[in-house]
Amino acid sequence: MCLSNSSHVPGLFPSLLTVSALTRQIRSTLEQNFPSLWVEGEISNLRCPSSGHRYFTLKDQSSQIRAVLFRSQVERLKFVLQDGLEVFVLGRVSVYEPRGDYQLLLEALEPKGIGALQLAFLQLKAKLEAEGLFEPARKKSLPQYPQRIGLVTSPVGAAIHDLLTIMHRRWPFAQVLIAPVAVQGDEAVGQIVGAIQALNELGELDVLIVGRGGGSLEDLWAFNEECVVRAIASSRIPVVSAVGHETDVTLSDLAADCRAPTPSAAAELVVPDCFTVRHHLGHHQVRLERSMRSMIAARTVRVQVQTGRLPEPRLMLGKFVQQVDDLERQLYVRMKHWCRNLQMRLLSHQSAIWERNPLYEIHRQQRALIERGTRLVRGISGCILAKRHQTELWVSQLNQLSPLAVLARGYSIVHSLRDGKVVKKSTDVSAGESVRARLHEGELICLVQRTHPPS
Amino acid sequence: MAVLKFEKALSRLETIVSELEGGELSLDESLKIFEEGVKLSKTCLKMLDDAERKVEILVQDKDGRKRIQAFSVEDSNSTES
Amino acid sequence: MAVLKFEKALSRLETIVSELEGGELSLDESLKIFEEGVKLSKTCLKMLDDAERKVEILVQDKDGRKRIQAFSVEDSNSTES
Amino acid sequence: MAVLKFEKALSRLETIVSELEGGELSLDESLKIFEEGVKLSKTCLKMLDDAERKVEILVQDKDGRKRIQAFSVEDSNSTES
Amino acid sequence: MAVLKFEKALSRLETIVSELEGGELSLDESLKIFEEGVKLSKTCLKMLDDAERKVEILVQDKDGRKRIQAFSVEDSNSTES
Amino acid sequence: MAVLKFEKALSRLETIVSELEGGELSLDESLKIFEEGVKLSKTCLKMLDDAERKVEILVQDKDGRKRIQAFSVEDSNSTES
Amino acid sequence: MAVLKFEKALSRLETIVSELEGGELSLDESLKIFEEGVKLSKTCLKMLDDAERKVEILVQDKDGRKRIQAFSVEDSNSTES
C-alpha cells in the first residue's frame, strides 16, 4: 500500500535529490522498465507474518531478488509456498522505499515442473498425512449390513442411477437418503461439507457414500479440498468415497474409511448381496439346528450310557442275597455243629456210663455168692459128715458090746409071758404057764409043763 | 424389533451359532439361545423379505430448514434424460 | 422336577452310577439312589425329548419343513462319514 | 417288620452266628437264637424280594424296559469293542 | 421232663460218671444212678434230636429246602477244595 | 421122735455104750439097752440121712438146679481134692 | 425181702458160712442156718440176676443201641475227615 502510494509521486530535483526522491525515481524507473514479467527462480527465506502476506527471496545459482506475495494472491493459491520450491512468478519490479530494497511484487505464482493443482494436491496430502488423517487406524469399519445409507452426490446423472440400481438389486433392504450436492464448481466444497455434516447430525445412518462420477482433475478438485477431506475424516458415520475413475485418487479417497473406485463399485462395496445374506442366514440356521441336535444327541447318549451303567436290579441285590444266604448257611452250619458238639459230649458221658455199668460188679458179686454157696454146702456137708462119723463110731462100739453074743454061745433068755419078767428061778413060773425063750436066732414060746425047784 | 439393526441381529446370530457349536452351554441355555437364534434368523429373513425399496432425499427449504422427502430413481432418470 | 436342570440331573445320575458301582452302600441307600437314578434317567430323557420336540416346533414352520429334512440327511451323512 | 432295616437285621444275624460260634449258650438259648436267625434271614430275603420287585417295576416302565435292555446291549457291545 | 434243662441233665450225667468211677457205691445205688444216667442220656439225646429236627424244620420250608441242599453241597465242596 | 434132738440121741447112745462096757448089767438089761442103742443108732443115722436129703432138696430148687449141680460138682471136686 | 439190702444179706451169708465152717453147731442149728444161707444166697443171686437183667435191658435199648452205632460211625468219619 505504501509502495503503491509513493509510486504516484513525481521526481522534481534531478541533481539534488533526497533519499526519498531518489528512491522514488529509482522506483518509478524500475516500475516502468520492468512491467509485469515472468521470472523463474527458487523460493528461499520464506516468511509468513500474521498479515497473511508472503515474503521470500527468489534465487538462482548466482543471484537473488526479494519477492512479496500479497494476501489476496496467497489466498488464491491452491498450494502452499515453501523454501526450495522452484517457481515461475509473474510480477512487477518495485522498491520498498523505507529500506530501499527492490523487490518483485507478485501477481501470480506457478510451480515449476508440475501444475499448481498437482502441487497443491501433493502439499495437502503431505500435510494431512503428517496429521495422521489417513492413518489406517483411524479408519472405521463399514457396517456389513447397512440399513440406512447416506449418499452425498449429485442427484442427477448416471452415477447415482447406477448406484441406486445396484444397491437395490443387491440389498433391497437398504434405505437411501440422498444429500444432493454440486460435485464441481465453486459451491461444491461447501455443499459437500455441509451435506456430510448434516447427515452426521441426522444420525441413524449406517454409512455414507461421498462421490461423483469421473472427470478431470479440476472436475474432481472439490474432493481434494482440505475442508472436504477433513469433513470426511471427521465424519462419525463411516464414509465410503467414490470419486471418478479408478486411476484418480483424491484426498477424500484417502481420508475416507473405504475407497471405491466408482459409485457403482461403492454400491457393491457398501451393501452385501442379498442372496449371499440369505444363504448365510440359512447356513446359520443349519448350523444352529445341527449343533442343537447334535448336542441333544450327545446328551442323550450320555444319559443312555449312564442309564446302561445302572446295575441290573438282580445283580445289585444279588450281593445282599448272597450275604443273607451266607449268613443263613453259617447259622445252619454253626447250629448243626453246636448240636453235634453237644451230642459228642453226651455220647462221651453215655459211653463213660456204659463203661462203668454195674454188670461187672454184679458178676463179681455173683461169683462171690457162688463161692459162698459152695462153702455153705461144703460146711453143712462137713457138719453132717462129722456127725455121721461120730454116730457110726458109737454104733460100732455098741455092736461090739452086743449082749447078743452070749446068746450066740447057746444061752437064751426066758421071759414070763404073764409078766414079761425074766425067769431066773423055776419058781418064777408055774406049770401050765407059757414062757418065751429068746435064742441067738429066733424065739421060742414054751409051755411050762413042770417046775423043778432049784437043786 | 424395528430398532434392532439387522447387523446386530446377524451378529448375535453368529455369536449364538458359535456358542452352540462350542458346546459349553447347558441344555437349558442351549435351548434358550437356540430359540433366540432361530427367531433371529427368521426375523432376519423376514426383514429381508419385507424390505421395501425406499429412497429419500434431503432437501433444504427456502428458509434453510432441512426436510426429507421421497425420491424416485425415475426422478433422477427423468432429469437425466 | 421342573426346576431341576438337565446338567444337574445328569451329573447326579453320574454320581449315582459311580456310587452304585462303588458298591459301598447299604441296601436302603442302594435302593434309594437306584430309584433316584432311574427317575433321573427318565427325567433326563424326557427333557431331551422335550428339547427335541421344541427344536422341531421351532424349526418346522412354513418353509422350515423342507430345510429340516435336508438338514437331517446332511446331519446323518456327516455322522456316518 | 417294615421298620426293621435290612442292615440292622443282617447285623443281628451276624451277631447270632458269632454267638452260636462262641458256643457259650445253652441248647435252649441256641435254639432260640437260631430260630430268630432263621426268621431274620427269611425276613431279609423277603425284603430283598420286595426290593427286587419294586426295582423291577421301576425299571420296567412302558418304554423304560426296552430302553434299558437296549442300553445293556449297547453297553456290552461298547465294552467288547 | 420238659422243664429239665439239657445242661442240667448233662451236668448230672457228669456227676453220675464220677460217682460210678469212684466205685464207692452199693450195688443198689450203682444200679439206681446207672439207670438214672442211662435215662438221662436218652432224654438228652431226645432233646438233641428234637432240637435238630426243629433246626431242620425251621430251615426246610418251601423254598428253604433247596437252599439248604445247595448249602450242604456248597459246604462240602468248599471244605473239599 | 421129732422132739428128740440128734445130739441127745447120740449122747444116749454114748451112755448105752458106756453102760454096756461097764458090764454091770444083766443080760436082759444089756439086751434092753443094747436094743435101745440099736434103735438110737438107727434114729441118728436116719436123722443124718434126713438132713442130707434136706440139704439136697434145699440146694436143688427150681432155678437153683444148675447152679446147685455146679455146687455139687464143685463140692464133689472139692471133696475129692 | 425187698427191704433186705443186698450187702446185709451178703454179710449174713458170710456169718452163716463161718458158723457152718466152725462146726460147733448142732445138726438142727446147722440145718437151720444152712437153709437160711441157701435162701439168702438165692435171694442175693436173684437180686443180682434182676440187676443184671435190668442193666441188660437198659443197655440193650433198641434206639439206644443203634444210635450209639450211628454216632460211632459218624464220629469216626468226622475224625477221619
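Order of writing sets the chain letters: A, B, C, D, E, F and G. Residues in each chain are counted from 1.
Keep this in mind: contacts are C-beta pairs under 8 Å (C-beta built on N, C-alpha and C of every residue); 3 or more make two chains touch, one makes a residue touch a chain.
On a predicted model such as this, the values are computed, not experimentally measured, just so you know.
Note: the chain lying farthest from subunit G is B, by mean C-alpha position. Each of A-C and B-C has its own count of C-beta contacts, and the greater count is at A-C. Different-residue interface: subunit F and subunit G share under half of the residue numbers found at their contact. One simple way to say how far apart two chains are is to compare their mean CA positions; for subunit B and subunit F this gives 170 Å.
Annotation: 34 Å between the Cα-based centres of subunit D and subunit E.
Averaged C-alpha coordinates give centres for subunit E and subunit F that are 67 Å from one another. For this pair, subunit A with subunit F, the centres built from the Cα atoms lie 137 Å apart.
In subunit D, the positions touching at least two other chains are 6, 27, 30, 34, 38, 48, 51, 55, 59, 67. Among the residues of subunit A, those in touch with two or more other chains are 285, 289, 292, 296, 299, 304, 307, 309-310, 313, 316-317, 320, 325, 328, 335, 339, 342-343, 350, 357-358, 362, 365, 373, 378, 380, 384, 387. Chains touching one another, given as pairs, are A-B, A-C, A-D, A-E, A-F, A-G, B-C, C-D, D-E, E-G, F-G. Interface residues of subunit C facing subunit B in the complex, by the touch rule stated above, are 5-7, 47-48, 51, 54-55, 58-59. Within the complex formed with subunit A, the residues of subunit D that make contact are 6, 10, 13-14, 16-17, 20-21, 23, 25, 27, 30, 34, 37-38, 41, 44-45, 48, 51-52, 55-56, 59, 67-68, 70-72, 74-75.
Residues of subunit E touching subunit G in their complex: 26-28, 31, 34-35, 38, 42, 45, 79.
By the touch rule above, subunit A contacts subunit E in their complex via residues 325, 328-329, 332-333, 335-336, 339, 342-343, 345-346, 349-350, 352-353, 356-358, 361-362, 365.
Those residues of subunit A whose C-beta lies close enough to touch subunit G in the complex are 340, 343-344, 347, 350-351, 354, 357-359, 362-363, 365-366, 368-369, 372-373, 375-376, 378-380, 382-384, 386-387.
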